[in-house]
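As written, the chains take the letters A, B, C and D, and residue 1 is the first residue of each chain.
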Amino acid sequence: MYQKRGDPAGGSLQGWRQRLYTIIFESDTRAGRWFDQGLIVAILLSVAVVVADSVPALHQHWSGLFTSAEWAFTLLFTLEYLLRLACVPHPWRYATSFFGIVDLLALLPTYLALLLPEAHVLIDVRVLRLLRVFRVFKLTAYMTEYRGLALALHASRRKITVFISGVLMVVLVLGTLMYVIEGPTNGFTTIPTSVYWAITTMTTVGFGDITPKTDLGRFISSVMMLLGWGTLAVPTGIVTSEMAAQRQATQGLAAVPVTTRTCPECLSEGHLPEARFCMHCGAPLPPWAHDV
Amino acid sequence: MYQKRGDPAGGSLQGWRQRLYTIIFESDTRAGRWFDQGLIVAILLSVAVVVADSVPALHQHWSGLFTSAEWAFTLLFTLEYLLRLACVPHPWRYATSFFGIVDLLALLPTYLALLLPEAHVLIDVRVLRLLRVFRVFKLTAYMTEYRGLALALHASRRKITVFISGVLMVVLVLGTLMYVIEGPTNGFTTIPTSVYWAITTMTTVGFGDITPKTDLGRFISSVMMLLGWGTLAVPTGIVTSEMAAQRQATQGLAAVPVTTRTCPECLSEGHLPEARFCMHCGAPLPPWAHDV
Amino acid sequence: MYQKRGDPAGGSLQGWRQRLYTIIFESDTRAGRWFDQGLIVAILLSVAVVVADSVPALHQHWSGLFTSAEWAFTLLFTLEYLLRLACVPHPWRYATSFFGIVDLLALLPTYLALLLPEAHVLIDVRVLRLLRVFRVFKLTAYMTEYRGLALALHASRRKITVFISGVLMVVLVLGTLMYVIEGPTNGFTTIPTSVYWAITTMTTVGFGDITPKTDLGRFISSVMMLLGWGTLAVPTGIVTSEMAAQRQATQGLAAVPVTTRTCPECLSEGHLPEARFCMHCGAPLPPWAHDV
Amino acid sequence: MYQKRGDPAGGSLQGWRQRLYTIIFESDTRAGRWFDQGLIVAILLSVAVVVADSVPALHQHWSGLFTSAEWAFTLLFTLEYLLRLACVPHPWRYATSFFGIVDLLALLPTYLALLLPEAHVLIDVRVLRLLRVFRVFKLTAYMTEYRGLALALHASRRKITVFISGVLMVVLVLGTLMYVIEGPTNGFTTIPTSVYWAITTMTTVGFGDITPKTDLGRFISSVMMLLGWGTLAVPTGIVTSEMAAQRQATQGLAAVPVTTRTCPECLSEGHLPEARFCMHCGAPLPPWAHDV
């Protein structure tokens, strides 16, 4: 059981910024949960607008609505961005953190469009706004699962690097080989194109926009496919054995409740409910504000 | 060994409804098995009729036969539906249960066709009749295996949710990126279309109806494929390690014979042979009718 | 170590048939190995002839050679077939065994061509000759591995049956759904065709000869692909966990040398070197003829 | 801890050749690391040149630059090759070793182009230069991971052989069957072509350049896909269980630092830091030169 010192002490420490901080950066209180959920809805809606705007049929009818909605969301996110800066002890440190940069990039495109209205370039950058969605995980109980997957992938990163580099070499060799055998007449116009084809084949995607025509080419690609088939097994084997090992390792360990407490100094998350100091930078943590 | 109180006691309790109930809802007696097997054959035949009717060549020759067969099956299933209602203690509870609704929906389309004879709409709903086939499992020894699979999938549902949501985000970002790079001229007409393409590629399906034409687009999709390849490993890893864990967990446990006894109150299944009360709602179970 | 009673006793027991039997059915002696290896070469060559004959360029130049080679192999296999019948105690039992039927079917087509010379039909049946190649395994040290795979697949046959039946239902439902949504105009001409398309998609093959054109159709097929992706994991999980379990089970067990001894009564194989009686039918085995 | 005898003794033993040997063949000293890294960069650049030269747009503008760069790299690699020969005790043994042959083959094409300037043939052989890249691994800490993968694949080579041979048989039978059913009119022109199609389908690549048109053909290929789907699981199962087993086997074993020490006699690598003699041929190893 945790000794409750959250709510009483919480208010005493630098008043509204403290409360705002808890609402915007954490989500263990009702207000915080509401804020985050609202934010997610807003993000999804703004993405939906971008997507819908790309459909000609919808564009010509509702382009006006889309543009205004676009602006509404941009202003909303701008306000949120400023609030974040306002309630963080070290605004600059937040502005230069990963999510700080993402938040900024998510705003720029709309404003940029005022100076240079190339829709083309605009939409391109707009996509970054989607990265906001990753924040969703901050408030799900799925966080631990997410960590599990990330851990397994991280643990097997070296095996996978070796594997990928090997695949790249094979693909480059085979791609060039096919370029020589089939040649531009059969669609293998350049070595890059052939390598693209080789990757398409090895990964069993097989678009079919480029296909071997000569018998030799077909024989070699048959070997490639069987090769690719076998190789498909390797990453699976890596990740699977990694996960099995993890499962054993974590067996018997007690699961700890995940909080969304955020260190005001280094903005790191996932501190234990009873933690008094940040486990990464050692800075004192504000008391844990949560609903009883 | 189970104390045999089934057959003698069985008849004494509310006569023909009891017997009908045992035949229609359970399949441990010869009559019950016959009924269920006959039902499956009927379902498969009725489906076969729908399928065959869709083939123009067959349609123009045998449409008359198909329509009458269609009606025959519909009437048969209607009779069965009424009988089920008749022998269940709480007809309404059955009518509102999952299979009760499926049974009703499997009948409606043919009758609906009388009022509004749009074959098009008709066939659409007809498909639901196929769901009946799931009932087959009720009488197979494969039930335990089925449970095993379901359990493994259920246990890893959260990991998979995280995984799918991650994939969806990646697919959305990459789809939009390709929409910007390739543009409508190369078939990436709208963002939804591009996302559809991205999913086609990440899952290594690769229809080839839409393919990148520009070099940059091909480079990005090459990265996507390798990405998708690696990602293919994750769900496999999840399910596999889950199954391995399950296998260990169930090791040494004694296997219990699966019956098709159905609780008359909550219509739940899979009760043990010696069970006297429903393990879900605590209602007294009718004695187990089975062949010696 | 095994007590050597093979060679001395071997000859005494019904002379040449015994020796022939050892040569044709077993391969632990030099003669036996030579016979089997020669047979494999002959089979591969005869297959090569069929394949080469299908290439127009080669056909018009060498059709004469191919036909004669075809006949040479047929006569060779006929002779072998008669010899097998000659040295087996119960010819009829062999003729009705799996390999006996395959051997016969491998001969018929060429003779059939004399009566009704439809090359088309002919080639069709000819393919069965390939099944002979499976006999190759009889003499490889890979037999144990082969058993291992077979065992793993056999052990998980029920899980896989449940899985396949589930997939078939999903494919049927989704196929019909797509038939309704896309309709004949977009290539989904009949329900069987749509189901074929659904299978193509779920298995991530994605030929691209039939592709959804409508937005709804594309949405549904996107869901199908993600579904198929996840489902791909299940059979892998089944087989993998099965193999891992097997590995544990067989750990610490002593490996026994695999012989090709064949029971003259029930024609079963894989008896231990020191076995005196068939482990399947209990009939006395001829002594083990092998090279020291 | 290793007793440091490397640096002092190193110089005393046959002076500059010893030093050159350490630089070229090993990479535990700063010089050696620099040399290897520079070599990799050179290889990648030379490959990049070949690739870029294949793009028409780049070719017509920079063909002159590419040719000269081509020659520059060739001369550089020639010099390196001669240096290797110079500092190895047994030049011939190196020249006949795997990497010795690769090094030579990587040089020939450019010189060959002087005599017979068929660019076509030329590029074909040039590809072999890529094999040099494999040398990269020599200096990565990923070597152990690389070994791990190789080991797992090696351990399951027999299972995989059986599997591949089985697949080949199935593919041959089904390919011929489709050739008979679909025939040349539907694109299945020859049996080899049909087998190529069968492989395309079984491996779920599905180019779509050849697709079944008849209903029977579609039915059979549907079965093939489900078959191929199930089969995809087998190699994965093999490799995965192999890796899991390996992980267990190596658990608790102490990891040893991997050096790039190379035996001057048999050119084998991966000797321990404290090794005095080659573990493969027993020849005395030169002291380990490394930075403190």
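As a convention for this text, a contact is a pair of C-beta atoms (placed from the backbone, for glycine too) under 8 Å apart; a residue touches a chain by one contact, two chains touch by 3 or more.
Just so you know, these numbers come straight off a predicted model, no measurement behind them.
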Can you tell me the C-alpha superposition angle of chain B onto chain C, nearest 5°? 90
Identify which chain pair among B-D, A-C or A-D reproduces the interface of C-D, meaning that over half of its contact pairs, matched by residue number, are the same. A-D
For copies chain A and chain B, work out whether under half or over half of the interface numbers are shared, and give different or same accordingly. different
What is the distance in Å between the mean C-alpha positions of chain A and chain B? 34
If you average the CA atoms of chain B and of chain D, how far apart do the two points sit, in angstrom? 48
Counting only residues that touch at least two other chains, what does the list for chain B look like? 192, 195, 204-208, 232, 236, 238, 240, 244
Touch list for chain C against partner chain B, complex: 158-159, 161-163, 165, 169, 172-173, 176-177, 179-180, 189-192, 195, 201, 204-208, 211, 215, 218-219, 221-222, 225-226, 228-230, 232-234, 236-238, 240-241, 244-245
Residues of chain C that touch chain D when the two form their complex: 47, 50-51, 54-56, 120, 123-124, 126-127, 130-131, 133-134, 136-137, 141-142, 145-146, 148-149, 152-153, 160, 164, 167, 192-193, 195-196, 199-200, 203-209, 232, 235-236, 238-240, 242-244, 247
Given the complex, residues on chain B that touch chain D span 204-208, 236, 240
